[in-house]
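Pasting in a structure now, in structure tokens, and then I'll have a few things to ask.
Each chain carries a letter (A, B, C and D) given by its place in the written order, and its residues are counted from 1.
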């Protein structure tokens, strides 16, 4: 179980190789990488995105990510798990976040990976501000679909996120 | 859309980087890697696995993988997809298969990735023979759980696989 | 004194990312804090005009309207998160 | 002549991975092929003794019992797949 919050980009291949290296009980390794798109999401009227900046809440971010990861390890039998989340300024094509889960069996790895990214989207204190070409920064609004995705995993049924 | 069937190992980081390189419409990249475990699955009584060999049906393998991938691209809006499947002899810790899907949105990438590995497990003509330490080769039996996983994706409800 | 933190667009309205504030005696819960803050000035009123968009964390834990706040707490106000 | 392919443990029983076979006139479907093959020898009988474990592909397409087979076809017999 590892959580890292950092400004620098990460090397996807190196992170994944390190996660499974030397553990021959691992039968499946699932991962998800979120990347900066060059198209602003709904509300930005499709303006080309020049860059985005992620603000976060140092201290609480790490705490929440560690808790989310511990919850995934409680729900699924994982051999290894990793969350790397960046903050600061990023341009289109750059990776923002990596979640990865390794397990003896593929289903556990895949489900835990989906769980982590869904929860992180609604629980981890990050806020995006987007710079359009020539325009000024615009704070991205939260999406109901993210709340719905996270609510799927609620153990006492869908409910409003805190 | 790319399918490769090969004897050689693959470099996970290089494959994933190549898949998303230069396409800034990609917001999410999901991947799954299957690895050789050192523990034989149920039926092998937990004997340590020395190696396994994957036999396949050249020609039909590529055809089935291409069809599975095309189906994923029909069901989800993907920016890129990749299946790399190895054959031949592999030792514990070695990667067997990689599936990866990139999309504007994370849900499409994650679901398509899960779909690909579930279908591939029941449709792609590969057969595993396991070598235990000191023992001789044992053909791995198909698992009902794999059929059930693939049946989830059947568009006219769960049914027996062909 | 409590330490108040503001993130994302809330910070633009309050004009500060962080401040030490003496909580008045009638402010003992998150809800009471949110009701009192707008009285501190037009920027605060603007930041808090839509309470549905405000999330609160007390000592780095998500808090509900009825949860207590007190001197010594680190209290963060922010909009719904948009990371990942 | 049809080309028959055997994979995995079927191959161990038949003793061959691949052979050219003249299909008798009564063999026009997958089911008829599976019914006829055991008569070719004890290895074939052994390979096909549990028909539930046999999958068939005709010209590299999964085939059902009623699907036709004919001279010129590539017909593969194998157990349920276990890749991935």
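Heads up, the rule we're going with is that a residue touches a chain if its C-beta (ideal position, glycine included) is under 8 Å from a C-beta of that chain, and two chains touch if they have at least 3 such contacts.
Given the structure is predicted, the values throughout are model-derived calculations rather than measurements.
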Exercise. Through how few touching steps can chain B be joined to chain D?
Worked result: 1
For this session: Go ahead and note the Å separation of the Cα centroids belonging to chain A and chain D.
Result: 49
Problem set entry | Mean-CA-position distance for chain C and chain A (Å) | 26
Exercise. Just curious, how far off is chain D from chain C if you go by their C-alpha centres, in Å?
Worked result: 73
Exercise. On chain B, where are the residues touching two or more other chains?
Worked result: 34, 106, 117
Exercise. Tell me, which residues of chain C touch at least two other chains?
Worked result: 84
For this session: Please give all chain pairs that are in touch with each other.
Result: A-B, A-C, B-D
Seminar exercise, completed: Contacts from chain A onto chain C in the complex sit at residues 34, 54-57, 59-60, 63, 85, 96-97, 117, 120-129, 139-143, 146, 162
Seminar exercise, completed: Counting only contacts in the complex, chain B reaches chain A at residues 11-14, 16-17, 20, 22-39, 92-93, 104, 106-107, 109-110, 113-114, 117, 149
Exercise. Quick one: in the complex, what on chain C touches chain A?
Worked result: 5, 7-9, 55, 57, 60, 62, 64, 76, 78-84
